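Multiple structures are listed underneath, in structure tokens.
In what follows, subunit A forms one complex with subunit B and a second complex with subunit C.
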Partner chain A sequence: MMRLERRTHVPLHLVAIAPLAAIFIALLLAAGLIAAAGVSPLTAYGEMLNGAFGSRLSIAEMLTRATPLIFTGLAAAVAFRARLWNIGGEGQFFVGALITAWIGHSLGVPGWIGIPILMLAGMAAGAALLAGPAFLRLRFGVDEVVTTLLLNFIVILFVGLMIEGPMRDPLAFGWPSSVPVDGEYHLPDLIPRTRLHIGLLVAIAAAGAVWLILARTVFGAETRAAGLNASAAAFAGVSLPQTIMGVALLSGALAGLAGSVEVMGVTAGVTTTMSPGFGYAGIVVAMLAALHPAGVVAAAVFVATVFVGADAMSRATGVPSFIADVIVALCLLTMIVALLFTTYRMRR
Partner chain B sequence: MSDAIDLLLNTSLWASVLRIATPLIFGVLGALLCERSGVLNLGIEGIMTMGAMSGWLVVYMGAPLLVGLIFAALCGAMMGLLHAILTVPLGLSQHVSGLGITLFASALAYYLYRLLVEVGDLPPTIEAFKPLDIPVLSDIPVLGPILFSQALPTYLALTAVAVMAYVLARTPLGLAIRMTGENPHAVEAQGLNPIRIRIGAVVVGSALMAVGGAFLTTTAFNSFFPGMVQGRGWICIALVVFASWRPGKALIGALLFAFFDAYQLRLQTAVEGVPYQLFLMAPYVLSIVALVLVARRAEVPAALMAPYRRGER
Partner chain C sequence: MTKVLELIGITKRFGTLTANDDVTLTLAEGEILALLGENGAGKTTLMNILFGHYAADEGSVRVFGQELPPGLPRATIEVGVGMVHQHFTLAGNLTVLENVMLGSEPLTRARSARGEARKKLLQIADRFGLPVNPEAKVRSLSVGERQRVEILKALYRDARILILDEPTAVLARPEAMRLFETLRDMTKEGLSLIFISHKLHEVMAASDRVAVLRGGKMVAERKTSETTPGELAELMVGRKVERPVRQDHEIGAPVLIASDVRVEEDGELRLDDVSFAVHAGEILGIVGVSGNGQSSLGGLLSGLIHPNAGQLTLLNEDIGHLGPRGMIRAGAGRVPEDRHAEGVVGELSLWENAVLERLRTPEFSHRGFVRQRAARDYTAGLIERFDIRGASPDTRTRLLSGGNMQKLILGRVLTNGPRFVLANQPTRGLDEGAIASVHAELLAARSEGAAILLISEELEEAVALSDRVQAIVKGRLSEPISADDADPQRLGLMMAGVWKEDDDAA
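Moving on, here comes the complex of A and B:
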């Protein structure tokens, strides 16, 4: 009978290969579904690549989509490292977006000071939203998976309430939208005449900052210790409640920042449809990155490629664009199996 | 205000409680079975979505309604098998695998629906389950329409509660399942295979979840649309904790929950000047409150979320 045996050391090249193998197998499995739609998988994947990389505009569009994914991916990676299961990235994204539009509509200070203020406000809102479930876990032992998931639904309803009520934009046509942020606070374009904005650089800087925090600070070491073996960490003098709360604030702030930057960089106003699941996709990004901040940037680009590419492919071939969600979900499943084989091996 | 109280005396409110509770009863029983064997199944939200789509689809293609429920159960079982393989023999994180199953099952359901069904301006519909009046009993004033004039899946759900309670509490199989959730090493020492027991529990539990999803498209509504499960799966996960992993209490929890849901739906139209979103939030807020209330004295299965590998502690 086959059994799993723990490796004595984890070979680095396996960790590097794992995400590539996972993506390859996921694409192979999804090819069956594309073929079922009567389209050659090779044609479809070709169209996807073309849709994400075929022109200056499509690359800009793909990177625009990757920007919030870097933030939400970092949010999930930071939390999962400490085994804090923050599945509330979607809700934290929306509170960050909402507070940015709320304050940014009539802040009345110049952009160079207003933009950082609004980013901090978005971070504070996201952090506050995750502080609740973290507190409930530490104080009452309530599983944060369920509370963060349920909060996503509550927040979306709250967003709907605000944009149909107190924050409604009287000038918006069709779907309800919140009042927009003042033009002073629109993030400058990174590539002229595209939607790509300097938020991408902020996201990359955030990945660098998170990497520094995790690798070079006491808090980072405590985070890792709490995730690897909570009781041993506590024995070694790590204050678990403090560490978990710190992780929650950092993770929530990153997801809140995603919403804030998306409003200032892309949408200006808040709508309930402004996120095609950035919070949930962030979990996949984090896992594909093996929870490493640098990997998050690469994984976010991959996931954005799938989403933007699938839209173009769907228009060209008629394969339903939900294939993007299927591919991304498959990647998550194949990645956790691939990661297993970096730490275990099959033995007869 | 008197309107709000009048609503409570309305039989149609009480009749809708059982109807709203039905998918929750299936879902919570399924989640409970998985967790009693030691496996958290966060795939529930996606499995319910898959059940809702697949059950509806075969009926749309001409199969009888009952076949729809069975097909949904099969599709749910397949998703459950995937979760079981990842978490039991491979021992992967039950949190991450479950979320992966939810993302995968919902995405696959939406993809296949778009692929196989021609959607015009309105989603296509089927002939759904009709209320089944039980002779004599349904004529009892007040209680008759509330209890004995429900659709077939609702009666199935109530039967499932009784079967689950009996099997878990009174049969050797139930004992083996409960023991696997408490101490798989002791099960192994008894000559039983904890891995097989866990896989079986997750597969059957997932089938139940999918039937709960299928109730939405074959009884509560008569069509499928994306996002229709609306967090019911997550609410079931909260209800399992609220019910201390006991089928009887799970039924009470689901009914209580459904009552509040039915009541807020009616309050929305009766009370003016309050944004409807506040009422819609109530079920989710209530779930969190319920979790906080019971968390301190929750009797969690001791080996829940602890992967079992032979010879590894």
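Moving on, here comes the complex of A and C:
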């Protein structure tokens, strides 16, 4: 008979190995599907790696894709640590993007002041969107998984409404796109002649800031206590409503910032297809990172590799690029199983 | 007498820890054997080996002369051994009958034999004096009734040897005494019993024979009639342990005053116009059978529950609506009823728990950043001052034993120099050594002039520590009596709700 026994101490090497093992097993499982499509998995994964790391351009493209994932991954990690189940990263991403395009189209101030203003606007929009579900949970006990998830669809439909109507770009030749942000507010390139922009540095700085907040501040300590044992935290005088609301604002702001940076760095205008599920993938990123901010950066690079590499693989081998979504989703499942083994051990 | 059960030379190691070291134990037919030992002495491990939850590294188990295969609970059940766990394993949304039947029916049978099962259950219940309503949902039962269901579950599977792990941990004193009477009657029906305990008075009251475990070794076996609580305590702890004694001293002015406080929760009246005053340098004991309003009183004095009517003042400041943070700031120290659920965050380090109540004070934070150095130094001081064993400031708190965890909580409360201290069931589940140190700390705080309210279900504890005692019954408080006048009969009457009421005779 096998039994699961709780570990008294989780050794550090397990913390590092768990996501790697999870990724390995997810790739192994996906290999079956690739083989079923008639392609050697090794060839396919080789093409995938090549597509993400094969050239200066592909690395830049991969990092461009990783940038919003770092933000949405941080958003999920911050929320999940406090047991606030923010599944609404996608919606917060879009409101951040939308408000950036809307204000940024005709702000009329120089770039060096306009860009921070637009970022703050995106953050405020994302934060406001999550504040609603957080309030409903605190006041009426409404499950935020449901509210945040459903808000995603509402927001995307709203974006559709805006870009077909009031914010329609008349110069887009009928493509459904919003008006673009003013050229003043395009984020400078990080590597010339690629799409990679300084948003990546902002994202890495955000990861550092989040780490600092969680690990070193009173707010971070209270958040951790409230997430791990809410009644003990409340007994010790931690205000749970304040903590949950603070976490909601931070998490929503990070996801909103993802949208804002994506608009200023990459797309200029908002379209309903600008996100290949950055919000949802952020959840996977956070889980693979074991909710650690530094891990989020690494996990975002991995997920971006799968996304960008899968396109290249698809072109070279004919395996549909949807395999990327399968791999990312499998990673979430295998990571959850891996986490079970880091907290528990098998015993006979 | 015939031996029904033999454990021979059992040794079990977990890594470097030897939980059982060459333990030999026998049980005779119709006997009640108490297995006595402190937390961590290896009692539960030994019973888990007997029951097949663990496989022993060395040694063997014989039941009715037949050797059991190691590590097979089902085999143990089949030869007639039943176990009643300390933490019940019942499904609350099922009925008593369904819980009893669960697992004893083959899955492959199409129709469950409810009728027969019901008849058998009622028969057993009648024979062993354990009345139940088979159709009641377990969720709606009291703790004592749930335990009865656990016992019935074992008997339903034709257990002839019953093992009870800390059966009274969740019971109030009268319920516990009733349980022991029932157990005694059950032996007349041919059952043999082992019960695990660390409470001396229970062992003395209910067993025929006592086996004492210490540090995984069997250190002594005694006939209960030929030993004394003092001898058993010494055998159990390995040295002489004496609980500290309260010294008479000057009692000061009232510190915490409750006047006509009424508390309702979920529309039910929990505290019915209670009034009391705790004075500086005094311990006021609140005794009562569990579930009579102690939890609400604890919640009220922790700041988690607010009074619906009446006033609660601490040094003339109205504290009824301050909440936990405000209470702490006003000078209240609070020891919660359940240290795992409310006392500490198990996954956090000792230092994080030690300063959690005061993170926002300048001592432990500066401009919103935690002063980790100061917090660790403070915690190192607590560890030394309160003798918290086997831990450093960065140890994860859930790794502490119950006693050490309680010392951490006491340390966090008492180093603040509180004017008022709530000690809610401060020694529940602790072993003799830890109880003595908790008592010493509370008495030291009393000497320093703190006003202490002690809520306890242990009468000996309440009488030994308190200057005055009040009983709580159905949310009402008796008039206080001096602890010197508190003999067991009088307290028993008070706890049953018999006291002079001058205000209303309703």
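By our rule, the second predicted complex is superposed on the first by the 347 of 348 C-alpha atoms of A that agree within 3 Å, B and C clash if a C-alpha of one lies under 4 Å from a C-alpha of the other, contacts with A are read in each partner's own complex, and residues count from 1 in each chain.
Please note the rule applied: a contact is a pair of C-beta atoms (placed from the backbone, for glycine too) under 8 Å apart; a residue touches a chain by one contact, two chains touch by 3 or more.
If you're wondering where the values come from, they're calculated on a predicted model, not measured in any experiment.
J.: Once both complexes are superposed via subunit A, do subunit B and subunit C end up clashing or fitting?
T.: clash
J.: Between subunit B (first) and subunit C (second), which does A:V326 come into contact with in this model arrangement: first, second, both, or neither?
T.: first
J.: Tell me the contact category for A:A234 with respect to subunit B and subunit C: first, second, both or neither.
T.: second
J.: Subunit B or subunit C: which reaches more residues on subunit A?
T.: B
J.: Once chain A of both complexes is superposed, is A:F158 in touch with subunit B (first), subunit C (second), both, or neither?
T.: first
J.: Between the stretches 188-196, 278-286 or 296-304, which region of subunit B is in steric conflict with subunit C after the superposition?
T.: That would be 188-196, the one stretch with clashes.
J.: Note which residues of subunit A are touching subunit C in the complex, please.
T.: Contact set of subunit A toward subunit C: 1, 8-9, 216-222, 224-225, 228-229, 231-239, 348.
J.: Under the stated contact criterion, what part of subunit C meets subunit A in this complex?
T.: Result: residues 55, 71, 302-304, 323-325, 327-328, 334, 336, 341-348, 352, 356-357, 359-360, 365, 368-370, 372, 396, 399 of subunit C touch subunit A.
J.: Where on subunit B is subunit A touching in the complex?
T.: Against subunit A, subunit B makes touches at 42, 82, 86, 90-93, 95-97, 99-101, 103-104, 106-108, 110-111, 114-115, 230-231, 234-235, 237-238, 241, 275, 277-278, 280-281, 284-285, 287-288, 291-292, 295-296, 298, 309-310, 312.
J.: Can you list the residues on subunit A that touch subunit B in the complex?
T.: So the residues of subunit A in touch with subunit B come to 3-4, 6, 33, 36-37, 80, 85, 87, 136, 140-143, 145-147, 149-151, 153-154, 157-158, 160-161, 164-165, 280, 283-284, 287, 320, 322-323, 325-326, 328-330, 332-333, 336-337, 340.
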